[in-house]
Amino acid sequence: MKKPTLIPFVAGALLLIFAVLPLLAGFGYALLYSFGMVGTLGKGFTLENYVQLFNKNNIIATFVYTIFLAIISLGLCIFLSLLITLKFQRFFSRGIMSYLVSLPLSFPAIVGAFFFFQFLSSAGLLARIFYQAGLISSISQFPNLINDKWSIGIIATQTFLSCPFFILLFVNIYRNERIEEYLHLSYTLGAQKIKAAFKVAIPVILKKALPTLLLYFIFKLGAYEIPLLLGRSTPETISVMAVRKLQRFNLADIPQGYAVAVLYAIVVALLLIVFFKLNRQLHEA
Amino acid sequence: MYSLNFTIHAFSFLSLFLNMFNSLMKKNIYFLFACLLTVFFSCKNSTAPQDELKNKSWQQVSALAKGSTVTMMMYLGDKRANSYMNDFVIPELQKKYGVTLKIAGGQGNIIVSTLMAEKEAGKKEGQIDVCWINGETYYQIKQIDGLYGPYTNQLPNSKYINYNDPIIKYDFQEEINGFETPWGKAFFNVITDTAKIKQPPVTMQQFESYWKANPGRFTLSLDFVGLTLLKSWLVEIAGGIQELDGAFDAKKYDKYSTILWDFINKNKKYFWKKGETFPESNVAITQMYGTGELDFSFAFGISAVERNVTEGLFPVTSKAYILQAGCIHNTSYLGIPYNAPNKAGAMVVCDFLISPEAQVKKADIRSWGSATILDYDKLEKVYQDDFTALPKLKYGLNEAEVKNKSIKETASTYMIKVAEDFRKKVIELK
Amino acid sequence: MKHSFKYIALSVIAFICTMPLIILLLLSFSKFWQFPKILPQIFTTENWAVLFAGNNNILWSFILSAGIALPVAFVSTIMGFITANFIANHKKRNQLLLLTYFPFALSPVIFAVCLRFYFIKSGLAGSYFGVAAAQLIITFPYCVIFFISFFNERIKQYGHLVNTLGGSNFYAFKKAILPAAKPFFAVCFFQCFLISWFEYGLTSIIGYGKIQTLTVTVFQYISEANIFQAALSCCLLIIPPVILLWVNKKILLQQAH
């Protein structure tokens, strides 16, 4: 054992103050609040807030919807990025395309949502182009792309904002894992292009990117600004629902808002444990 | 030594946290949370030395306010209101009283939850000095004893206000008792384009037939404007405001609201986007009416049409009108939170905002265009002249026209219930 | 034929990536934009001129955003580096890492509502330091995670090498680890800057709407349907990262070669 230096103490303290304490304190408070133990409205221990959530307030629908959104936009990102990586990877590893494709990375979610609203809404740019092109003759003929049933606006925005990240990630893996060489090898062994892509390139890229993909999925579960601006009144994402309940007309809803936060934290914790297991397996393999 | 202790603590926390992953809800964790909370609750707060304001003269109060900063939380969804505050109020306050006014965004519900959180944290000094509130916000803040007062009798400009006028005395049937400074009057009205619609629907029945003939061209917002439309219909169903006057009556509410929700659920398929979603705020409705996506817009205040027509957003053939139930008429107020760090400054701001000078500017259609709460008869001749010299509205309703049909607000619990049930019984209905 | 398809596809991608920025810039220079006109009816420098007319909210927000993001990025990068070094050499490495991943993965806005009580209690809510501290709670774990990957095997071996050659721990740190970490500092700083610069939900809750960073201002303009001012603030939000991205890209490339 070496002589202890100052660094471990500082590091431990930092970890405590900026990571552990906020976590414990924040979710401890949410937990107590949701069980009616603290707060102006708290009247002692009760499960009522959770019962209410599961009974009437569509908490299940909220979780399912949030997961649906995350899966669809992630799936779309993976699909597009794989396509672009396999077809054009050499253009994206350097040069002007690598810069242009990273432009959307400089868009905060709120700007992305604002832009897509201006672009896709019924009186937006796309609708105007359709109108001028004679494809529609009034606003109401333009399909719903914002606040719509299938959340097209939200998915488009999320895909636009995160696709560049995956393109750059996949292109990087493609180079680091020498996929080009494997592909050439399989061609010389007589494999078809498409088959080689599906049997060689895609599995390697996805396997390598799996932990990142899962982490991104977890992030997407917390989506707030985009569904807030482009989503429908119901179903909502988890974050939107929690904040609405915490800042709504009826004060009695506040404990339910904390209950949503607690449920969400549990889901994230479970997913993170899966993430760690995956990561370890990948390292050991 | 100290740092060693600290690290030991750090590690006890760490191990506890890891425990939480193994067994999510063990008792010791719960105990730890409780400890943590008690530590925080036992923190000492600085005490506000302003309880004595009540015995102070106005000169003393304004002397205290001089050079201070006041934070005002208000609804920021109205462009005109925002520029009135930024371009007129802020510089004037600075010039006249040396008070720096800072505006923070926040609607009623956010103000309530903020004050409640401060109350729970036991803060004797909060972050907000004055807020723009009325109705259910006032009611809910009062429930948690969140307002400072009574104080309006100390404001010199209170002399221009008739506090016995019922529209001022009662905020959604709740007496203000000197806890709120009246700031503006508003009248709920509907806007439509007379070039398209010759006979605007006034009754619910007329609306129903309009929707059926013109699907997708109507919606209402989830904020106070849309909720007021729902309340107007509730009044119409009840057969007049007399029926819903007075304190909240659950029986009556259940009876009439059931009819209302049935009416909406039956017809919402003819609404904008088939009634599957509703805009969060009336700002969106105003925009969609402007672009021709919707046939109806709603407004609080008589100048909405005028403002939007002059800005080129609304067609010039737009017209405001009043529903069968009458014109819900309310006053909005300024309140000072119980824990406002700068109550003297807040009082100076309130006083300035109800000064004839600020009210004339506010009523001016070229500025905000919001009806004054001052009593014309109580004003000096110069100020009366200022008011009469204001440009007349060309497109909106005028106040006299509205007065005949104006009805008072129902108790705020109706608003809270309508908001809650609209979500549960209409939006979330499977 | 085949080549032209490739270039068409690439141009489409390039177009999609740049179009939003161009449209936002266009809107920030416009006044009236009524349906069904494709282009705004009036082009003006008015919106931008207001920006430099003094006493302007947007400019102030820009300064405030930078005033929060720069120190937050700086402090969290350093804190993250120290803590990552500690965790990387720790026996319970994985458990500690899990701990930093948790706040990193949580939705900032939900985390913020849970922490609001303590920020109010300590008088930090609604203040500059409160918002900065709250943002540190998000950027710090990010930095730790970022630097952990740096302190992986390769660097450890460096350290061991110096150790076996007789150098002290500090010597190893100064001579081997720090120089190797240099480009990583830049990238980490840049990423933290972005996280802070982009933050809305947490900032609006902990900042009470009083700390009006650029994102809060954008939201406000959106809610009053002031699309031209909103577009202007959006441009101000995007331009610094675009420039930084250009610089950062170069850093990344330099490091690769």
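Residue numbering begins at 1 within each chain, and the chains themselves are lettered A, B and C in the order written.
Just so we're on the same page, a residue touches a chain if its C-beta (ideal position, glycine included) is under 8 Å from a C-beta of that chain, and two chains touch if they have at least 3 such contacts.
Quick caveat, the model's predicted, so the values are computed rather than measured.
Counting only C-alpha atoms to place each centre, which chain is farthest from subunit A?
The chain farthest from subunit A, judged by C-alpha centres, is B.
Higher C-beta contact count, B-C or A-B?
Pair with the higher count of C-beta contacts: A-B.
With chain centres taken as the means of their Cα atoms, state the distance from subunit A to subunit C in Å.
Whole-Å distance between the two chain centres: 17.
Would you kindly tell me how far, in whole Å, the mean C-alpha position of subunit B lies from that of subunit A?
Roughly 34 Å, centre to centre.
Please output the residue numbers of subunit B that touch at least 2 other chains, ranges allowed.
Residues 14, 17, 21, 40, 110, 120, 287, 291-292 of subunit B each touch two or more of the other chains.
Counting only residues that touch at least two other chains, what does the list for subunit A look like?
Expected reply: 8, 12, 15, 20, 23, 25, 29, 123, 139, 246, 269, 273.
For subunit C, jot down the residues that touch at least 2 other chains.
Touching at least two other chains: 35, 96, 98-99, 117-118.
Which positions of subunit C touch subunit A when the two form their complex?
Interface residues on the subunit C side: 6, 9-10, 13-14, 16-18, 20-21, 23-24, 27, 35-38, 79, 82-83, 85-87, 94, 96-103, 105-111, 113-115, 117-118, 136-137, 140-141, 144, 169, 194, 197-198, 200-201, 205, 215, 218-219, 222, 227, 230-231, 234, 237-238, 241-242, 244-246, 249, 253.
Could you list, by residue number, the parts of subunit A that touch subunit B in their complex?
Residues in contact with subunit B: 6, 8-9, 12-13, 15-16, 20-21, 23-25, 28-29, 31-32, 38-40, 56-58, 122-123, 138-140, 144, 147-149, 232-234, 246-251, 254, 266, 269, 273.
Where on subunit A does subunit C make contact in their complex?
Against subunit C, subunit A makes touches at 2, 5, 7-8, 10-12, 14-15, 18-20, 22-23, 25-27, 29-30, 84, 87-88, 91, 94, 96-112, 114-115, 118-119, 123, 125, 127-129, 131-132, 139, 160, 164, 215, 218-219, 221-225, 229, 238-239, 242-243, 246, 257-258, 261, 264-265, 268-269, 271-273, 275-276, 280.
Which residues, counting only subunit B, touch subunit A once they are in their complex?
3-4, 6-7, 9-11, 13-14, 16-17, 21, 24, 29, 32-34, 36-37, 40, 108-110, 112-113, 116, 119-120, 136, 140, 143-144, 216-217, 222, 273, 276-280, 287-288, 291-293, 415-416, 419-420, 423-424, 427-428
So in the complex, the part of subunit C that touches subunit B is made up of which residues?
Against subunit B, subunit C makes touches at 32, 34-35, 57, 95-96, 98-99, 116-118, 120-123, 125-126, 208-210, 212, 216, 220, 223-226.
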